[in-house]
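Working notes, beginning with the structure itself.
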Amino acid sequence: MSALELIQLNLLSPVILCFLLGIAATLVRSDMRFPEQLYHGLSIYLLLAIGLKGGVAMVSNPSPGMIKVLLAAVLISACIPLWLYPLLRKLGKFSSADSAAVAAHYGSVSVVTFLAGIAFLQALDVPFEGFLPAVVAVMEVPGIIVALLLVQRKNPAASSWLGSIKTVLTGKSVFLLLGGLLIGVLSGPQGMEKVAGFFVVPFQGVLCLFLLEMGMVASRRFDDLRKTGPFLLVFAILVPVLHAVLAIWLGAHLGLSRGGAFILGILASSASYIAAPATVRLALPQASPALYLTSSLAITFPFNLTVGIPLYFAISAWFFS
Amino acid sequence: MSALELIQLNLLSPVILCFLLGIAATLVRSDMRFPEQLYHGLSIYLLLAIGLKGGVAMVSNPSPGMIKVLLAAVLISACIPLWLYPLLRKLGKFSSADSAAVAAHYGSVSVVTFLAGIAFLQALDVPFEGFLPAVVAVMEVPGIIVALLLVQRKNPAASSWLGSIKTVLTGKSVFLLLGGLLIGVLSGPQGMEKVAGFFVVPFQGVLCLFLLEMGMVASRRFDDLRKTGPFLLVFAILVPVLHAVLAIWLGAHLGLSRGGAFILGILASSASYIAAPATVRLALPQASPALYLTSSLAITFPFNLTVGIPLYFAISAWFFS
Amino acid sequence: MSALELIQLNLLSPVILCFLLGIAATLVRSDMRFPEQLYHGLSIYLLLAIGLKGGVAMVSNPSPGMIKVLLAAVLISACIPLWLYPLLRKLGKFSSADSAAVAAHYGSVSVVTFLAGIAFLQALDVPFEGFLPAVVAVMEVPGIIVALLLVQRKNPAASSWLGSIKTVLTGKSVFLLLGGLLIGVLSGPQGMEKVAGFFVVPFQGVLCLFLLEMGMVASRRFDDLRKTGPFLLVFAILVPVLHAVLAIWLGAHLGLSRGGAFILGILASSASYIAAPATVRLALPQASPALYLTSSLAITFPFNLTVGIPLYFAISAWFFS
Amino acid sequence: MKLITMKRVTIVAEALLADRLQEDVVRLGASGYTCTDADGKGSRGVRASEWEGKNIKIECVVQPDVAQRILKKLADVYFEHFAVIAYCHDVEVVRGEKYS
Amino acid sequence: MKLITMKRVTIVAEALLADRLQEDVVRLGASGYTCTDADGKGSRGVRASEWEGKNIKIECVVQPDVAQRILKKLADVYFEHFAVIAYCHDVEVVRGEKYS
Amino acid sequence: MKLITMKRVTIVAEALLADRLQEDVVRLGASGYTCTDADGKGSRGVRASEWEGKNIKIECVVQPDVAQRILKKLADVYFEHFAVIAYCHDVEVVRGEKYS
């Protein structure tokens, strides 16, 4: 399939259409409100379910090279802020705090983009490694820590070093992904069989509902786009594409399957909008949330979901042929 | 099947039994509380799911005459207040505001009654048109607007005209029904396949849970029945039956299937208890919620769910034989 | 299978692994929060679903001797406090109020332990009687009432007798279990078929999610273990084992199947941590929640889930061979 | 705009007491009350049903003598064994007659 | 630490009015507001959408004259037909300039 | 019924600060606090995690000097970069010793 056909396939999938419907809800000022606790409940479900499935896949189809890939993933995360920080400082003329803050977001990952990538692979029947949820988990934290190291914090309100690290490490996404993986590995396919009716069968539909809300959340930030200027817009689209290509290339060299390398690309490309904002807000209070949240949530996230995913998959063909 | 057999079939379905259990919960003063956010979450699910299924049905089994039926549905809604308002003024001796308020509720529709009607048809394996969710969506608003036009509003607290129309149009039910339809049409049967495990398989069960709560909500209003007098009781039972018969007859003439005409009857017959109360409360604050909510929620809604649905289906046989 | 194999089978089931993951969440101080309304929603679902399934089983495979078993179950509940109260007074040196409070908890039952027992039987394909949810319902209340009768209440803040009884009787678990049973009996297997996609297929998975939260709740009480002393620890493990053995023996004599007798054992063995604490707190405010909640929630509940269930099942072999 | 001075009583208590306290304040003369869910930490930290809803906060606007009676009742009946705090202060209301 | 005296206005109303009341207080001069969900019972007990959210409580810290205007507006427009109560009292704030 | 005058401090802040502010008030001498979820709008309108819980409101009843210290700490540390407001007023409590 050509990139265009892939984009069309992606845009017409229920998952992405629900995301667009959420955006539409904000645009037409619908009074629909997504219950906050439902959002939290669905996110617990999605994290645990994807972990579980990964764990079961790991025992039923063990893929070699997991450790190598995990190390590479940590390295990718840690290096991203190292080049983004000077880029934002110099080219973007951002303050030191703002540069570190934005860099932290791109060093971390977006779990929802990952889930949409997995759904895309499943629609195409492309296989991928079972241990990928572990890759998500290890990529969430390093980039944030490295970015925070790049800037001096003398604000009395800033959280302590230890505090910041604790915040990211005890976050629920890392915990549930790894916990799910472990449960999947321990209980195996027979265990999975009993709970597949809850954790597998409705999964894609639940993801739809979740993306409906994410569409609303992302589009509520669209207004800020006017304030943040053109540099950030270009940054938040080109940088993800670049990261995706590099990571897919690296994944291919590490021996990942095409599906796996594609997902590594998605992860490198994606920007965090849950773990990173919470940590950065407390560690760098002087950085402007309007900058880092707008770029990660209102530009990169919708771009990746709609165009990025099929584009990166088309690109991955270059390295696997 | 005779009307009596149909009533029995309906009363013994899990959906209606759950509704009755909800009523029982209030009567025995159980301390069961239905979490408010769960209620909202389930309603989002039900609206989106029924829209989706309708949309997919529209592309896989296109039924002709949709536009004609939609126009007729708008007309039905708009006309209902026109005759109910004088009826309530003259026969019921209601104030002008109260008459308009009650008329607005019967001019609009109850989505839950619609869902119960669909579940009833599915239990009997009776087919119906895929575009029916669109019919629900277009019938929600016109009756409310017409009813509000009938009464002069000079209260300083009353919401403006524009405000009222905005409130009903941006309501979540219209938005989700139409959004679901659109997603269904765009993603088609292959898209649906991926999410059927969430939007189709558990649908009827979710409806049960939802009706458990609706039973509690409706029965909490039973106390008000003593205050509102016998006229409203007779009104809230006879008028729905009349509307149902007329709409089924009209549906038959418009070329709808028996199932479709039956659903049109259900819709005409049903009274709103979500969109209408919220709009009317703000537009006609001097009207008594005890009157309009008691009639729509504590009389018409339970009557339609338990007796109306099978009765109207039996009646629909007259026009299709 | 040996007791050890059964323990291993149980510990590696997703349901129990999720419970352990919940405990781990507290231990590593994860910031994961389980939405409160989700907890309530899941509990409504689980109670209704287990009732429903029992009701359908009652009509499709009627098991004889239900009345006899229900009477025995009431008797077991009522007698438990009669011997625990003096035990706690004399051996434990607890105050009169504290003794009655703890006795009330062990006289009542834990629905979640029951559900885990059912899941365990299903994993082993062991059949059980359909009316067991009714047994749960009748065992919830008597032990609490008897225990409260044992101690004089002269505190002005204590709730009245009638108040206490009302509280336990109108509790949602009794209501939903019996309501679900009734709906199951009335709508039968055909009714069930329509809602199985919601009430049967995802059941075990939902139970997993619920136990994740229960693990967090139970483990938040672990700190209190140091304060409550070794007597309570021994008490909260030995007494449940004793109750289980006696109840299984009794169940065998009442003609229950091995599965049914095992569940009766689970119920006798389990301690309430929902109905009993709420009632006891209001009726005996001077009793220390740290004592009764720690023993029931932080000791007996995790013990039964992890070790008790397979142990009691192994023991049940003695009486059925 | 004539404002009348009344007392606002605030009660924070474990959620289990909600129904009882609401009945109490009405019985002691409050014309109404407003109740919100709350979390909290105090010197006792004892609660019977951790995950069944935490604390509640009841606020009522009442005549001074009613405020006195409510505070006294709380001190007499609930303070010893339950997690409850209460306090009051003056507020100015429109249409004072609504509250008596 | 210099503290400045301002007025805190508290409004409890049926949830349906949330948007309107929030707009009103800002239009009448409040620099912001804080809004919480609440339950309650009053002398009227009338509400149009029982299960669609119950009451809301809006609190805003404002200059005395703004408080007067808010209370007057509520009395004039909402008190007759809607379930609304409102009252105010003095509070001491840090950095009074934030509120005007 | 002897009543003692104390200060009630009210803090409204973005939810992310909940843990820190709760620790702060206890460290500065509050014997406890009550915390509710809230929504709100202010002059800044900046928040980092829109859908992860909005604002929180912390209320604590404390001795006047503790109130001073809490307000000072907030002004010194949080006011510049975070969405935080705080104010206090007198309340009358039963059993004043509980709060010190």
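A, B, C, D, E and F label the chains in the order they appear, each numbered from 1.
By our rule, a residue touches a chain if its C-beta (ideal position, glycine included) is under 8 Å from a C-beta of that chain, and two chains touch if they have at least 3 such contacts.
No experiment lies behind these values; they were computed from the predicted model shown.
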| item | value |
| --- | --- |
| Touching both chain B and chain D (chains) | C, E |
| Same-residue or different-residue interface between chain D and chain E, half as cut-off | different |
| Chain of greatest Cα-centre distance to chain E | C |
| Distance between the centres, which are taken as Cα means, of chain F and chain E, whole angstrom | 20 |
| Gap in Å, rounded to a whole number, between the CA centres of chain B and chain A | 41 |
| Euclidean distance of C-alpha centroids - chain C vs chain E, Å | 47 |
| For chain B, residues that touch 2 or more chains besides their own | 35-38, 201-202 |
| Where chain E touches two or more other chains, by residue | 36-37, 89 |
| Pairs of chains satisfying the touch condition | A-B, A-C, A-F, B-C, B-E, C-D, D-E, D-F, E-F |
| In the complex, chain B residues that touch chain C | 12-15, 17-18, 21, 24-25, 28-38, 119, 122-123, 200-206, 208-209, 212 |
| Of all residues in chain F, those that touch chain D in their complex | 1, 3, 6, 8, 22, 26, 31-37, 61, 89-95, 98 |
| Chain B-touching residues of chain C, taken from the complex the two chains share | 35-38, 40-41, 44-45, 48, 52, 167, 170-172, 175-176, 179, 182-183, 186-188, 191-192, 194-199, 201-202 |
| Residues of chain E touching chain B in the complex | 16-17, 20, 46-53, 76-78, 80-82 |
| Residues of chain C that touch chain D when the two form their complex | 36, 39, 155-157, 159, 213, 217, 220-221, 274, 277-278, 280-282, 285-286, 288-290, 293 |
